[in-house]
Structure formats: C-alpha cells, structure tokens
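As structure tokens, here come the structures.
After this come two complexes, each holding subunit A, first together with subunit B and then together with subunit C.
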Partner chain A sequence: MVAVRPRRLAWRLAEVVEVVPETPRTKSLVLEVPGWEGHKAGQHVDVRLTAEDGYQAQRSYSIASAPEDERLVLTVDRLDDGEVSPYLTDVLMAGDKLELRGPIGGYFTWEAKDGGPLLLVGGGSGVVPLMAMIRHRAVVSSGVPARLLYSSRSYEEIIYRKELENLAARDSLLEVIHTLTRSRPEGWSGYDRRIDADMLAEVAWPPDKSPLAFVCGPTPLVEAVATALVGLGHDPARVKTERFGATGG
Partner chain B sequence: MSEGFFSRGFLGRRRRHDERLPPGQYLEDGFPVLSAGPTPHTPLEEWDFSIVGEVDEPKRWTWEEFRQLPSEEITTDIHCVTKWSKLGTTWEGVSVDTLLEGIETAAEYVTAFCEGDYTTNLPLEEITGGKAWVANAYEGEPLEPEHGGPARLLVPHLYFWKSAKWVRGLQLTSYDIPGFWESLGYHNYGDPWREQRYWGD
Partner chain C sequence: MDELRLDGNAAAGTLGEVFSFEVSTTEYACGGCGSTGRLGGAMVYEVRELGTIVRCPSCDNALIRLAHHRGRYLVDLRGTRYLTTG
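== the complex of A and B ==
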C-alpha cells in the first residue's frame, strides 16, 4: 500500500477587499486569497489573528460565497463578549490583511450533483453556509428544488434578506420562508415563533420525497429541528447538522 | 508564509491564560455541542456495547451488565478541534482496560463504532493503560443525549472528536481504518499539543 501524505492546509494571507454590513450585528468580509484552491458550499475556514507581541487567537467561520464566485466571502456575527468577531466586524477594513486556512469540513457540504430536494433550515448566522449552497445552486442554474426555512430574531436581523428575495423572485424552484421569533414589523404575515415540528411539517417536503436536509444554527435550534425531522419520519442519514453553541468567538 | 505578520489593531483578550491550554485553543466555560446529524435516542433496553474484530471471542454487555462493571471517576481537560478547551471536567465511566480484560488480540488499531454509522479510529495503545473510558456520567449526572449519552468514549488526551458520542463498541483491527472525520479532512491521530487538526498537520 502506498501511503499518501496529505498536504498541510497552509495559512494564507488574504487581503480584505471590502467589508459589507449585512445587519446591525453581521458583516461580510470580501477577501482576495492568493493561491486559494476552491471550496465546496458549506465548508468553513479557520481565521487566525496575531497581536503585535505574537499573541494569537483562532476561530472558525463559514464561507458564504459560492465556489464559483471570484472572491471568498465570510459573514461574521458579532458576539459582544467575543475575542475575534468584534475585531472582524469593528476593526478590520478594506486593505487590511487577514490570515486564514481552509477549506475545512467535508460532510456539511452540498453540490448540485448531490441532488435534493434541498431542505435548508437555519437560525441566525447559521444561514451563512446555507447561503453558500443557495448561491452555488443559482450560479450553476441547478434545477434541484430548494426551500430555506430561516429563523431570525427580527426583520432587521435577517441576513441576505434582499438577495434571498431577488433569488426567489426569479426562480420558482427556490422558496424562502422566514420566521421571526422576537419582534415582527407591522403587518407581518409570516411565522412568528421558533421552528417546531408543526412548522416543519408544513414547510418540509414529506419524508417520501426524501429531501436532503442541512440544519445550521445555535445548538437548541439544531437539536429541535433535527429531532423533529426524524420524528416526522425523515431518514436521519439525510439530515446533516452543523451547530454552534455560545463558543465565545 | 506570513512570518512577521500581525493583525493591525488586534490586542486580544488573553483572558486567563493557562498552561493547560494547547496551542490555538481558548478556554470555554459552557459545553458546546457538535455533531454531524440528529441526536439518537436509543432506549437503554436496546443498548449494548460490544468488543468485536480480531479477538478470540467477542464480548457484549447490555446496559445493566455494563453498569455492573467497576466504574472510575475521571477529572480531565478536554480539547475540541473547533478551538475550545474546557478544564477540569469530571466524568464517570468504565476504563477501556476493564472492557478489554482477558481479551487476547494481535490487533494494533481500534475503530470505535457508534449509533448512526459514526466511527473514529485510534491506535489500540492510545486507549489502554488508563488513557480512555466509556463514560456514562458528566459532572455527576447521567450523560445527556446531546453530549453523547447514554455513553460516549472518553479519550481526553486527543482532540475531542475521538471521544466518540453514542459509542456502541470497539472493533479491533490489525490495520488502521480512517473513521468518519478522519476521512473528511481531519487528522488521523489528533494530538492537541501538536495541533494536529487537519490532514497533513
């Protein structure tokens, strides 16, 4: 047997091309990454910050851009007590450099050839890797039916709201369903509670359509959604999850 | 590649720096949950734990039998590949040495197998000699399903994905078979002190 020693994921110095505010708490970092070898929708990168005296801190962030996009985009949610995210959202500017390595994670990924129907369920910034899938699906003009069920605290905190609206408006096979858990604008007619089994029964395809589900968000949401999907009769092997707790990022 | 680079304006929190923290890790007080799929809920009466593979005679315990085995209390630091570490966690469980007692094998590797086809691979010598347990309690309480209950492997000296949740047995093998995450880009061995996170690290 020939032992193949895989190449190390090297740290790369990316250049920040643009910092785009998405919501009051989230920003997208548009990066030029020399030598980037591409990624699959759903993967993440490790970001490493280094202080002048050599102190370092690392965290993981999901990739928001499609593999086909020219530039790598990370969308970062600002955690008030975080060490890394406030730097990325408040301090980092166009022209700065940012050290990262990746792509990482080979399970929570989707390519058009993986088929569907594609059921995406996200909470808060958990929508980021799902957005990479939605963008990839749009870029390659995939005919795989897709539904995004997306839980946000308020209308203002919906990340990518306009872009999702535009994508759904010109693609009858893409449906975006929002639920707002804390506050709703006047006249809101959508869901107004946390995602539960009843909501999933209405929104998800029935189990006999065998949807491929990706669920990403805070742990309680992911636990609730994944458990409800299995309870509705979906095959656990078709439910892929990615969770983030309060990890102080 | 980025020798001498620093991040403009980054000071860092440096909260409670601790020499028990491996490189690239930060201290976490909570207990984040990471799993690739839904949390399984196997009834205890259907649960069993078995030792199979290259052994003279496979072994199997029901939950009741497993709970009769001598249990140890373990206080240890744990390190997740996603960067968080948690210090001084306490567990109760059965030492893998106890489970392997009386087993004759020439195997050098082990695949821990779990609910939902999850596996992780380890050199046999990394889970023997008081280095690994099958844990069923955390901080004095039965291990919650989302943290791997009723029982998970506990191999605290390696990154925590090696401490497979919902473990149902060990398969002893003479060759090394990369497990679930080990086949998907994560390091085959996973020593946090050598920062072996991904392939090639």
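== the complex of A and C ==
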C-alpha cells in the first residue's frame, strides 16, 4: 500500500483566459493555472479575493471541466448580495489574475473506473461538479449508463443546456431530464415541480441496480433528494451529497 | 451573525490548513451521539473572519472548532471521539 502523501495546499495565481456567459446569472471562467497537477471530476477550488485594505474573502467553486481538458474551468453563479461572486462574474476579464488553491475534496468525486450506473441529481449551479463528471465520462468514452436529473428555475437558467443536449443526442447511455420549478416555456412537456420521491422513483434506476448517486445543490434540495433516495431503498453509502447554503457567494 | 452554512466538502480547503490528510473522506465518530460519517458529509458553519465549526448532521454537536486569528489557529476537537483517515 502506498502511503498518502501529505500535501499542503498552496495559494497560487491563475490567469483568466476567457469569461464565457452561460446564463443571465452564471459565467464560466476559463483559467490557465501554472503547474496545475490535475483534478478529479467533482472536486472544487477555493478562490480568495483581497481588498486594498487587506480584507480577504474566500469561497469554494466547483470545477466544471473534465480532468482531461486542457484548461481549468469554474462556473460561477452570481449571488446579488455575495462578496465574491459579483466580482467574478461582472468585473473579472481575460488577462486578469485570480488567486486560488486546489484541487480540494476526495469525497464527492467520480472516475469512470468507479462504475455506475451513475445517477446525477442537481439543482441550479449544483450541476457544475456533475457536469465535470459528465464531461469526463464523455472524454473517456465510458460505457457507464448515466442519468442527470436537473432542477432549474426557468428554461433560461439551465446551465450548459446546449452542451447537454448535444451530448445526450449522440450517446444513448446518457439521459438528461429537466424539471423547471418557477416558469416554463409554452408547450413544455417536462417536469414542472421540485424534485420529489415520485419523480426520483420514475427517473432513478431501481435500488436493485445499485446506482451510484451524486446530489448537489442548495441544502434543502440535497436533503430532500438524499432522504427520498434512501426512502426508496437506495443504499445510503452510495448516495453522495454536496450542499451549499443559500447565503454567501 | 453572518454565517455561511456549507458542508465538509466546502470547508476541506480551510481544514486542510491544519490537517495534512484528506479531510473530506476522513471518518469521524461524534463525541455527542456516537454516530459516524465522512467529514465531507458533515455540516459546516463558517462564521466569517472568526473561524469554522463542523457539526454532526445527526445531533448538531460541534465536532471541530477551528478559529484563526493573525495567522494562528486554535483547533478544538472536544466534540470528536476519533478521526480515521479515508
């Protein structure tokens, strides 16, 4: 057995290569990180901003890119009263530097060799680490069946909508199921409510297929989904969660 | 008080400033109710500028209190029976 090498996470400077609008509230930051040693799908980084008076604010952002991608991509949801996210989404431009450390986290991660079937449940920007898993799965041409159940407030707020459509169109083992909780476009035939046990019973594989579930989003969604999955008979050890609070950003 | 409610995943970077092992996969046993789990799945309350509190999701007991001030850390582990690295 190889001993785990203790590793101090150092802060380092990344350069913003591109800022890509995803939805009215979210943008992806494409970063060049000198000496980046790679990551696993599902991990995150800490981003730190320092004001001129020395005041520092720090937040965690999930990595959206696949480990195989050339550049590191973070997708940031703008919280109007946030200390950090408005700067990242409104001020930051290509060529700017950004202080970060990572990759962080070994719990909420998936590699193709971990198998499946892979059940991904996300709400809002909680889809970001799940997207890293979907991108990784696509890049390595994994044959693990995957389903993404994705809750957004409205059609316009679906992050990565086009890319998800394209990936699902050319991969019969990837299914993307949307639910829109606040407003629906005319003729919408998909789900139109918050994720609940009935929806999970329809979308998720039955417990005897023992899917590996990753649930990420606001705390109430994650707790409701994790509780419902266990209630449906899924093994709690195969339901991994990542929550974020309603405040902060 | 301005608190951020996160989970152990989000706090792994901050906890990594004092622990050299992978925090999110580390198993804890709660000193309050005895339940066990991965720190990545525990609840974290981050009180800005003052520090971080990791709480047991079953009984809300404070497993880890981490305070930082002027570059120094105070780590209080009274609420944890043990930690086993993942």
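Things worth noting here:
Everything below uses one rule, namely that the second predicted complex is superposed on the first by the 243 of 249 C-alpha atoms of A that agree within 3 Å, B and C clash if a C-alpha of one lies under 4 Å from a C-alpha of the other, contacts with A are read in each partner's own complex, and residues count from 1 in each chain.
In this section, a residue touches a chain if its C-beta (ideal position, glycine included) is under 8 Å from a C-beta of that chain, and two chains touch if they have at least 3 such contacts.
Everything numeric in this text was worked out from a predicted model, so none of it was measured.
After superposition onto subunit A, the modelled positions of subunit B and subunit C overlap sterically.
Legend: residue contacts after superposition of the two complexes on their common chain; A:Val230 is shown touching subunit B, with no touch to subunit C.
Touch counts on subunit A: comparing subunit C and subunit B, the chain ahead is B. In the superposition on chain A, contact is made by A:Gly105 with both subunit B and subunit C.
In the overlay built on the shared chain, the residue A:Phe244 is in contact with subunit B and with subunit C.
Shared-chain residue A:Asp96: touches subunit B; no touch with subunit C.
With chain A used to align the two structures, subunit C clashes with subunit B at 181-189, while the other stretches in 1-9, 55-63, 91-99 or 181-189 stay clear. Residues 6-9, 46, 57-58, 60, 104-108, 219, 240-241, 243-248 of subunit A contact both subunit B in one complex and subunit C in the other.
Interface of subunit A with subunit C (complex): residues 4, 6-9, 44-46, 57-58, 60, 101-102, 104-108, 219, 240-248. Put simply, subunit C touches subunit A in their complex at residues 2-10, 12-14, 16-17, 20-22, 24-25, 38-41, 43, 48, 85-86. Subunit B meets subunit A in the complex at residues 1-2, 5-15, 24, 26, 28, 30-40, 82-84, 116-117, 146, 180-181, 183-185, 197-201. By the touch criterion stated above, subunit A contacts subunit B in their complex at residues 5-13, 46, 48-52, 54-60, 83, 87, 91, 96-99, 104-108, 219, 222-223, 226-227, 229-230, 236-237, 239-241, 243-248.
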